[in-house]
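In what follows, a single structure is set out as structure tokens and then discussed.
Labels run A, B, C, D and E following the written order; every chain starts at residue 1.
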Amino acid sequence: MKYAFFIGCLVPARELSYEFAARKILPTLDVELVDMHGANCCAPFGIQSLDYISWLALATRNLCIAEEMGLDILALCSDCYESLLMTNTILKENSDIKGQVNEVLSEIGKEFKGEIEIKHMIDVLYEDVGPEKIKNAVVTPLTDLKVATQPGCHLVRPKMLHFGSVGGYDELDELVRATGAEVIDYDGKEICCGGPIRDTFDKYSRSLINQKIKAMKKANVDCAVTICPFCFLQLDLGQREIQTRFKEELNLPIFHFPELLSIALGFKLTDPQIRDHRISINHILEKYNGYEVSS
Amino acid sequence: MKDEPRVGVFVCHCGTNIGGVVDVPEVVEYAKTLPYVVYADRNLYTCSEEGLNNIRDTIKEYNLNRVVVASCTPRTHEPLFRVACQEGGLNPYLFEMANIREHCSWVHHDSKEATEKAKDIVRMAVARSLWLEPQEEPELEIKDSSLVIGGGISGLVAAISLADQGFKVYLVEKEAELGGLVRQLYKLYPTLEDTSEILNPHIEEAKNHRNIEVHTSTTIKDIEGYVGNFHVTAIKNKEQIEFDVGTIIVATGAWNYHPPEGNFQYGVLDGVMTQLELEELLKEGKLERPEIIVMIQCVGSRVGEIWSYELVGLFHSQATRLLSKILGARGSEEGWAYCSKICCMNAIKNAILIKEQFPESEVTILYQDLRTYKEYEDFYRRARKLEVRFLKYIYEIPPEISEAPGNKLRVSFYDPFAGEEMSIICDKVALSTPLIPSKDGILLAKKLKIPLDQNGFLMEAHVKLRPIDTQIEGIFLAGTAAGPKDISESIVSAKAAAARASILMGNKVIKTEALTAVVNQDLCIGCGLCEELCPYGAHIVKDGKSTVIEALCKGCGVCVVACPQKAISAKHYTDDQILAAVKNAFTEQLT
Amino acid sequence: MSVGYEPKILGFLCNWCSYAGADLAGVSRFEYPPNARVIRVMCSGRVDPVHILEGFKSGADGVLVTGCHPGDCHYVSGNFSTERRVEIMKKVVNKIGIDPERIRLEWVSASEGRKYAELVKEYTDSIRKLGPFPLNEISDLLDAAIGAFGSERVRWLMNKQLEEIEPEKAENVIITSIEREIERYQLFQILEKGNSTVSEMAKQTNLPSDVIVQHLIALMKQGTAAITAEAEHEYIYTLSR
Amino acid sequence: MSKSEDTESRTHDSSHDTKLMHIVAHTPRGKGILDCIQCGRCTSSCPMARQTSRYNPRRLMEMITIGLKEEVLSNTPWYCLSCFTCVDKCPQGADVGEVIFAIRNIAAREGHIPPGIKAQGGNIIDTGKISNPTKSILKQRQEMGLPEIEPSDTEELLKILRKTGFDKIIGHK
Amino acid sequence: MKDSKSVLVVGGGIAGIQASLDAADRGFKVYLVEKTPSIGGRMAQLDKTFPTMDCSICILAPKMAECYRHSNITLLTYSEVQDAKGSIGNFEVAVLKKARHVKEDKCVGCGICTEKCPVKVPNEFEMGLADRKAIYMPFPQAVPRLTTIDEENCLFFQKGTCRVCEKLCEAGAIDFDEKPEEIVLNVDAIILATGFDVFNPKAITAYGYGKYKNVITAMELERLICASGPTDGYILRPSDGKEPESVVFIQCVGSRDQRYNPYCSSICCKYAIKDAVLIREHHPEIDTYVFYIDLRAFGKGFQEFANRSKEEYGINYIRSNPGEIREDPITQDLTIWYEDTLTRTIKPLTVGLVVLCTASIPRPDNKKLSELIGVELDDLGFFRASHDIDHPVDLTVPGVYGCGFCLGPRVGDIPHSVMQAGAAVARMSEELAGMEEA
């Protein structure tokens, strides 16, 4: 299994622990990641809001790079994943738009051919690796860990786009269960984290986080797991902001899924990784011996 | 009482319908104590196969000569039980029903009171049964010809169907041309075929069919007689024609409502028209350029959401009132409470036609609820794809129409979906008005004694299970005379009417009501009072004695009560039979 | 009025409208008091005044006759006949000491299930207020009325359109005639039990002697009664068999 | 928005642009506007609509239909989370979440762009990315042994974005 | 040449029953084939019919009995069409009479066998809200009135033991050795009346059907509300058997939905109004809400009834298509998030019972029948009429006609099904008369 690794902008710029864990875990599960050279921003929803063809052209440029590599894309970030997937689908289905986009790309000597597929890390873990294989690889089962999963929006919606996949909720939950943890249902699981309006309407963005964290806490979980850098930012940093601003102690630890997986697979989290978390995760790391004392 | 009565009483639980309130075993025990009752038992459902077989077998086993079933209303179940009696070898008129459901268990909640009442009802029935006499149902011949009144699509279809089945049909149309209201339409939904493509073949077929006699410009003057043998008098171009038929299909259709002048500025401002008038413009090609058109749904229908609702049933006297409502002061009347069912599709059809002809046209449909039932949902979708604008208005705030500069119209309304008031400057406003009862239908109903529903449409014998039959045997309803229908539905109802009529005519004979009056010739002195009173002309005094023509007598009994000599009695409703029930209504006087 | 008195109502319902209306009340589960006992007739026009009076005799405290609305009669005009008969009857029974409210005519259509339920309720209450039918007190008079309403003369009067007389006058004529007929039946009943004299009859009927004498003359003319003896300055009348 | 949060009713007369529906329907991602039957399923399930009555996707569709252009193109569409719940739930396939992008595209061309979004656009032209690492992050990456972040080929990107007119839309010099 | 014309009617619901009666009265020899043990169909399951509020089985039962007794009708219940060939005037149809294991001529329908049978399985007639036995009578008014052994659940057929029914049956009607029988019928025409199926709302996960016990379908409610149903007509919640304080009806579940059934099922608004009124009549203390998109109260008397349901019965109508239903895990009450589109307010409503008014969908059997007989199906899976307007009951093979809901939700209600049945008989009579002449 070999993929063109589309890392996006946000993960390498702000969520190093996610990248670090992914780069560490995936190869051990026989997923080879090949970095993409010269890739640009995936053109997420902000850019989509400005102009249709610009969005498609920016995203397609990335697709062309992967086509040149002859590899399907693996994306870490759900927004990147969705933008690239949408673009890939639209261009494959609509020759008229494909023509328009290719005309733009001819300026830089690129052409979309429609030869590759787009996958999210979770798809790869679920479909290519499979929960069974993960279960067998687990060395530290996360027994008695109650987890709320936050699959986010763009891994699963709109349904038509993700047609054929099991449906991200079940995929992620099963993968979490493979680590030995227990997945707890909570009210509003499918609801957005509020990330997209973080900059524009922070008041409502905050209230969405608040509702989500409270619902998770009501379900009595030990921590929450995300697979999207925006969701993580919201639940972790956003939670911290709420705590500071409203003097409210929530303190729900948030993990990137690969972090949790690394602990289960016996890799310990490093100091810089732990520093990525604004809400302390130490007590969980201690419980599962997942903390590597820095030398 | 000629023979010693042997009465069997069958009390029905009707599941829990009766058994849940009335103590059925107690009623059975009580019935057993009544004189002449030789058998009494109960069934879970007397109307089930098991129950009916039980009646049949018990008659034989106990040699019963009277049967009483205590269950539901005789209006629906008497025929069924009569057949069971007949199968048991008993004349069906030696059967009596006690209604302990509709008149007892369903209206009384106190179990004890209901049980006591049920016992009384059973006792009354048993008492009456002792006096019952066997009756025979005379057979009537059915003429194998039919009168179809109305030459619209329904009348045409019904006439052709009967004619194809080999029956002679007289098709009577008051206009000079066949085709009815449909003739005014341009195209038909949902296929958007030209109306003429559907209608003309039917007209031609009817005109050329060897079994159909078409009479246009003809009105019905009088219809006499009864099922199987109606005598029809009609006026054709001022000349009287007459013929005899076995069955009648009423296909008088409906009218398109015109709002009173000034209502929605109709008749006041140019450019305000009914949907049908707009369709006529389209048909004649008078819409020559893209225009802005607003259509308003439910003009004159779904009016007065607080109108009291009466389930079924105004009879023809109310016809007069309804008639004045339609013909008379339209200006003051507000319209009709019902939904006319076809207007949504019609508006959409015209909107599609306009948009397809002139894509630059702007068509807005203002609706209350969009009722594109069944696959017409696709039709609605198709219009949306053509950028027809669908906006809701609410009943309490109807759209207002006023003049706008440049010979235009302004339609102002409140859009609840947006919470905004809005006005559209447009060229034309089309008012979607309902199909309403036709004058001809109402007058004919009066003539034929067919009841009208609360709106003035002809009423079916049972709205669910006998939607084609009328209360008058041998007369059937087709098309919109019975209420709004679209063309496909009208065709279905017309075919169904043909089927119902063909059954009668195909069987050639029918058994008729046995319940007529009889005159005791020894007592009659020929005073003629009965002849004077009888609404059906069934009494004829000749040689100082009155006699009853059975086929005309409908058994109302008015003459019985009037006869000074007490010479007349009503079969199955004799004084003895009625008084037996009267005398046992409160106390037991069974002898 | 006795405590716990429950009035007994006898109902005559026409098959086409009112019985169907009562069925609809059932189907719609409109609850009403269980006081009425119902007799189905094809048309309200079949309800004979005699049936109504027999109803009282059989224990009814009130008699309800219901038919199709005017003009809606399944038999065209049967309910008009009913209306005329009941109107006359009410006036007549009033004169013999029966509250006319004890006879009620109402129109109930097939669609008026609720109306039927409410009618039974309201009529039951109204009869409850009137109290039990005074059967014991007027038993003889009731019998006379039953006889009278069954008589050739009354039946003719009640059903014949008297075109030559003005309507209001006609009604008075009819009512008076029926009253007379009832009186005659009273005397007839007395004579049926045994011979009697004018003063005895006056005592029993509260009728003036001259009225009694007039009736007796009429009865004698018919050949129904005859003078058979004389006692204490009075004739003894007897029925001729 | 200058009006109080929940106020709605006002009288419009000439402010309706009845062509708006047509324009939106013919803008990419906007054709769903013609599928809407105003059933309310979108708003009933919209997480944002539960936070504020300023945002109501169904009402937004109706406002497009009746041509309340000013309101439609102002900041209303920017409330959308793009979570696509409405797209999944819509029984008519009206794809409200998609139509939002059509409106935003139209708004952007008319100069209605929230500052944060405008900045993203600027970043793309300048760096090829919308989010760029700080120096301390770069240091940390090194510490953790993560590969260096390659700069994007901004020249190429500029060619593309000039061709599509993106630079003009965000007012990039 | 046959003495009288004959017709095969497939499906014993109200449409098939009426078609059979009309045809039989018209002089046709009728074979009425019904795949379940009794005729009656959907209408038998309904509590009341709208808007006259007639008790459904009360008005249907006499027609069912008439079918059974009619000298021109042969009832073939528990039977299915296996094969068909030929053309108008001469169809040869093979019908498989499944083994009932109860002899029709011996069973008296006493029901002792069903009392003593040890196997309980969900009762289809009661929509699974009650149990029946492996030997069973589908419902009390069943026609023909006899029991049937359900091989799939019978202990004898599954494990070779039991035979209790055989021992108890005084009539000696049980026959474990009975084999399916193929009957070949020669008929002049065929009328299809296969009716409709009910959409399974599990597909719409946001409404939680199948997950939340107190979310039920309208067909289930019909049984709950029926006096002869599993709760004797009391509205009791499946989760705890308690009366709910409020009941919500949600319209257009799976219909008017491009992903499932794009068409309008035509009947849901009307029966929801009826059911809401019935609930209020029996339990005035229960609040009822109807969530609708367009209230489609068209047809005779329906708008007036809808008005009355508002004015007199206080039914709450909310124009909204709710987004989701959530269950409170403790009370098992249900919270519905909705926007009232007329007031534009968004709020949750917590209720005790939710009724999903699900789409009426084509029977899967239609496909097999269409292949056997050669008639076309439309895109939705209903039988295609040969012309939408002009020949609404003719199917695409001459001599084959349709009536009732198998033609699609044309109007879908009972009166129209009855009319279509008559129309099918008229068409058949016309065409066969035409053939005779030619």
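One rule holds in what follows: contacts are C-beta pairs under 8 Å (C-beta built on N, C-alpha and C of every residue); 3 or more make two chains touch, one makes a residue touch a chain.
Bear in mind that the values here come from a model prediction, so they are computed numbers and not experimental data.
**Student:** According to the touch definition, list the chains common to the neighbour sets of chain D and chain E.
**Tutor:** Per touch definition, common to chain D and chain E: B.
**Student:** Can you figure out the chain closest to the middle, judged by Cα centres?
**Tutor:** Of the chains present, the most centrally placed is E.
**Student:** With centres defined by CA atoms only, which chain is the most remote from chain A?
**Tutor:** It is C whose centre lies farthest from that of chain A.
**Student:** Tell me which of B-D and C-E has more C-beta pairs in contact.
**Tutor:** If we tally the C-beta pairs in contact for B-D and C-E, the bigger total goes to B-D.
**Student:** Mind checking the centre-to-centre distance between chain B and chain D? Centres are C-alpha means, answer in whole Å.
**Tutor:** Going by mean C-alpha positions, chain B sits 58 Å from chain D.
**Student:** With chain centres taken as the means of their Cα atoms, state the distance from chain C to chain E in Å.
**Tutor:** Comparing mean C-alpha positions, chain E is 54 Å from chain C.
**Student:** Report the inter-chain centroid distance for chain A and chain E in whole angstrom, where each centroid is the mean of the CA atoms.
**Tutor:** 48
**Student:** How many Å are there between the centre of chain A and the centre of chain D, using C-alpha atoms for each centre?
**Tutor:** About 22 Å separates the centre of chain A from that of chain D.
**Student:** Tell me, which residues of chain B touch at least two other chains?
**Tutor:** 311-312, 370, 381, 417, 419, 454
**Student:** Which residues of chain E are in contact with two or more other chains?
**Tutor:** Touching at least two other chains: 52, 54-55, 256, 294, 341, 344.
**Student:** Which chain D residues sit where two or more other chains touch them?
**Tutor:** In chain D, residues 8, 35, 37-38, 58-59, 85, 92 touch at least two other chains, as defined above.
**Student:** Between which chains is there touch?
**Tutor:** Result for touching pairs of chains: A-D, B-C, B-D, B-E, C-E, D-E.
**Student:** Of all residues in chain C, which touch chain B in the complex?
**Tutor:** Residues 8, 10, 15-17, 19-20, 22-27, 29-34, 37-43, 45-51, 54-55, 58-60, 68-78, 81, 85, 109-113, 117, 150, 152-153, 155-156, 158-161 of chain C touch chain B in their complex.
**Student:** Where on chain A is chain D touching in the complex?
**Tutor:** 9-10, 12-14, 16, 19-20, 23, 35, 37-41, 43-54, 57-58, 61, 97, 104-105, 107-108, 153-154, 157-160, 188, 190-192, 194-197, 199-201, 204, 207-208, 270, 272-273
**Student:** Please output the residues of chain B touching chain C within their complex, sorted ascending.
**Tutor:** So the residues of chain B in touch with chain C come to 73-75, 99, 101-104, 106-110, 113-114, 116-117, 120-121, 124, 310-318, 320, 449, 451, 454, 471, 515, 527, 529, 532-533, 535-536, 554-558, 560-566, 570, 573, 575, 578-579, 581-587, 589.
**Student:** So in the complex, the part of chain B that touches chain D is made up of which residues?
**Tutor:** 362, 370, 380-381, 384-385, 387, 389-392, 415, 417-424
**Student:** Would you mind writing out the residues of chain E in touch with chain C in their complex?
**Tutor:** Within the complex, chain E touches chain C at residues 52-55, 281.
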